[in-house]
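These are the structures, in structure tokens.
Shared between the two complexes below is chain A, which has chain B as its partner in the first and chain C in the second.
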Partner chain A sequence: MANYFNIDDILAEEEFVPVVFHKAANGVIIDPSSETNSVEQGAKVELPLWLAQDLYLRQAISISVPACFNQRTILGDERITDLNDWLLDTHKPFNALSSEGVLTRLEIQADAACVDLKSRSPYFYEFGCKIAPLGSLKVTSSRIEESKQCRIHALSLSLGCLASRPSKSNWSNKIVSNWVGDKTIEILLLSAFKIRYKEILTKAYTAAYTTASKFLTLLTKEESNLYEAAQVSMSAFKKWRMGGPRLQRASVLGRKRRSFE
Partner chain B sequence: MHGRKAYELVKEFADGEKGHLKIFNLLRQSSIHAECFFLFIVVWDVIIQNELFERVIEECNEHHNALQSLIRKMQEEGLEVQTARNADHYGALIHHLSLIRNKRCLMAYVYNRAEIIRELAWKVGLLHELPGEIQEKFSDSEEQYFKDHSKSLKSYMSQLSLDVNVDMVPPKDPYIKVRVLEDLGSGIILSDKSANFARHSMHFLKRTDAEQYIARGLMEELTG
Partner chain C sequence: MAGQSDPHISLFSAEEVEFMAEDELIEIVPNMRMDPLNFICGDFGPFLPQIASQVPLWLAVALKKRGKCAIRPPQWMSVENLTRVLEGERESQGAFQVLPFHYVEISRLLFDHAREDIPDMYMVRSLIEDIRDVRIHKVETSLEKFSGTSAVKIPNLSAMEVNIIRPFVGRALQAFYKHDNPEKIPDVDRASSAQTRAANNEPRRQLRR
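Our next item is the complex of A and B:
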């Protein structure tokens, strides 16, 4: 419980995940479609992560991958065997939930730095880091080998090596299910962060505030902290180089002078 | 939805500027008593907004009651509360988890505010009163906390006979040039001299003496 008092940690756990109840529960108002004060077995609802996490560990519910990480339609769905086919197929009915997930992944593969992660989830990385290990609890030794293969596959996808991807084998459909346990979340997070990290630092050091403000709206909480840290260090460096007064008025008191001055 | 109020409370804290306090989100008893009845209705809306903290505690009580009634129901049905896994058990579990969550949110809210208050005590509060616009944002217990913290800091320093609050970087020159920004008069006695600190006058002071006045915005350091 190292993060017990951490505000960001608390807020990250408030993100919603889609779940399905395996057990009924009485006396709670969680399911908006239910008329009584209870949740029935098999009910599909969205719960905040802090609640879903514990219920999941007690095997009362199962958690689906939240829309912002979902990639079922890329790897898991059997109907889609080739990504390019899917992209060209304009007649494909768009499912709101899965299309968002697909777009996140596709956009990150295209240019991670320009993706609006904030609107997906302001705690994209923290949320992902909390979701990802939930699946691995169930991974048995026989599946570990498969997931290794899956990693390589996902890596080749993220590198854009679509051409070199192995011919249709059944494991890619088998392993990546809609439920949590999807190991590619970790890879997605890592590759997205790596690319965006570089971009954030470059922008923080060089861009003027007016051009950066547009870019800032795309950043998650973690990233805007990084951006601020980079800017502070830059201005500290400038101050050190130019020289100036070391002691200053405490910032809590505000930068304004009193009105009578 | 469970835990929503607690989330709003924490969110409100997170949205504030770093290191700055907002008004403690709690209905103050005294402020109500002062209002007349018709005014009371007018300000009611405002008060509703400002009592999130109490609302969360209320919600905790509701969860607690629901939890107990579910457990009673299980006992009446003759089930072993520890091992039974029926719908009531999971209902109770959800209430239990909501309680824990609410507790965490409340604790984090108070804890993080206390951290800011401690920092304030170090930065500005050691020798002087805090400016009113900051002080009015404290709750009563926070105000006490601030006073106690400053007091124990002061007594610690006087025991050590060392000011542990000065700038950590050793000065190149023990004296610095300062300009006085507000009329301080001649009442201030510094370690090695006393002078008339009229507004806009310039002085050559020991850095350790000047630091606290600069931090409070009463003087500014002149360089070059």
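Our next item is the complex of A and C:
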């Protein structure tokens, strides 16, 4: 754990992920507004990643893809049409969070450079890299049965809250694909970074700070670190080129000597 | 040699790169008589009036400041050569022309301390500034090209140009590497150690009595 004391690493693990509890837990206050100090089986809550990670490895919960990576937009053609139909549908099956996730992916596909990733998650890349391996763990773990059960449970839950919606035959597919465990997060991160990298590069070395400042608000923490590295080294070079005082006077030399008595 | 500047921003500051450039040899014509100087980096001299000799740049600048010598500008710093280089830089989009590794720093030191020794000083100066701007722009366009490549080769870059792009390129390549090889994320070993714990059906540690 080389990153143990890295503040960015710690903050990235503070991001919330939606989870579903498999087991009831007593004596915990996860939701301050609940009346009892317990979490029921099948409860849907949002936990910080560091907590969710450990509970997940003990198979107490299952993790869904956080809204900012929601995957259902990197799709084949036939599912794109399906998605459009889904977006147009007035009875949206998911809550606002997950439709935001869909939009994030659509926006990244359209023009990654203009997407405000910072508001999605200030540690978009770091968070994604931490979320992605959790999916592969699930595949290797021998408890596929359990995860199936929880999926069915979640399916019934979400169907339950949408009783008004006419059911579709491919409905279960959609919900199952909502869980962590696919490679598309990594693909999404890489494709987003490739495009945004070029934008950062051109802005960092050529644009003046005032014109770039609007762009800066869209950058995640990792990207603005990159931008600042370029900006600082360029301005240091410009300062050196302009010249100026070669030797700086030590701060103590300028002071007046204190008079004693 | 480690830089004294902030290691998180850049390995070397521009001043440190300039310090390293001062070790380059340059020809001077002394106007005084002096015994040979024996340094760790070599022996220089003896110095005789009107007889050219090779010395490190820092020594040349120190002597020049005291009015003890005239500095002969290096071969590449002629108007013809620089015009040729500038044309070459503008014509070829990908490749960089051959220039001394420390051309930015050497030219700046000579412009600062030995103006009167450089023929066509203003012409030379503007040519070098043009060359530098064209090259930096070219570096940026060539950086735009890489996307997830494991190795990058840009020949004939100079020390200062490398130093400017180093912090950015280092971080960018690291990020590309990280996203290209998700299985190599350092987080994995932590996750896999936890995985074995999960597979063993949560072994509970016995409390010692």
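Heads up, the rule we're going with is that the second predicted complex is superposed on the first by the 174 of 261 C-alpha atoms of A that agree within 3 Å, B and C clash if a C-alpha of one lies under 4 Å from a C-alpha of the other, contacts with A are read in each partner's own complex, and residues count from 1 in each chain.
By our rule, a contact is a pair of C-beta atoms (placed from the backbone, for glycine too) under 8 Å apart; a residue touches a chain by one contact, two chains touch by 3 or more.
Because the structure is predicted, anything quoted here is derived from the model rather than measured.
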item: Partner chain in contact with A:R58 - chain B first, chain C second, else both or neither; value: both
item: Partner chain in contact with A:S38 - chain B first, chain C second, else both or neither; value: first
item: Which superposed partner A:W240 touches (first chain B, second chain C, both, neither); value: second
item: Partner chain(s) touched by A:D8 [first = chain B, second = chain C, both, neither]; value: first
item: Partner chain in contact with A:Y205 - chain B first, chain C second, else both or neither; value: second
item: Chain B versus chain C as contact partner of A:E186, first or second or both or neither; value: second
item: Contact residues common to both interfaces of chain A (with chain B and with chain C); value: 54, 58, 243
item: Residue ranges of chain A touching chain B (in the complex, touch as defined); value: 4-8, 10-11, 14, 23-30, 38, 48, 50-51, 54-55, 58, 60, 243-253, 257-258, 261
item: Touching residues (chain side chain A, partner chain C) in the complex; value: 1-3, 53-54, 57-59, 125, 129-130, 132-134, 137, 140-142, 183, 186, 189-190, 193-194, 197-198, 201-202, 204-206, 222, 225-226, 229-230, 232-234, 236-237, 239-241, 243
item: Of chain C, residues touching chain A in the complex; value: 9-10, 13-15, 18, 108, 112, 136, 140, 143-144, 147-148, 160, 163-168, 171-172, 175-176, 178-180, 182, 185-188, 190-191, 194-195, 197-199, 202
item: Contacting residues of chain B [partner chain A, same complex]; value: 1-3, 7, 10-11, 13-14, 19-20, 66, 69-70, 85, 87-88, 90-95, 97-98, 101, 104-105, 107-108, 111-112, 119-120, 123-124, 131, 134, 167, 169, 176, 181-182, 207, 210-211, 214-217, 220-224
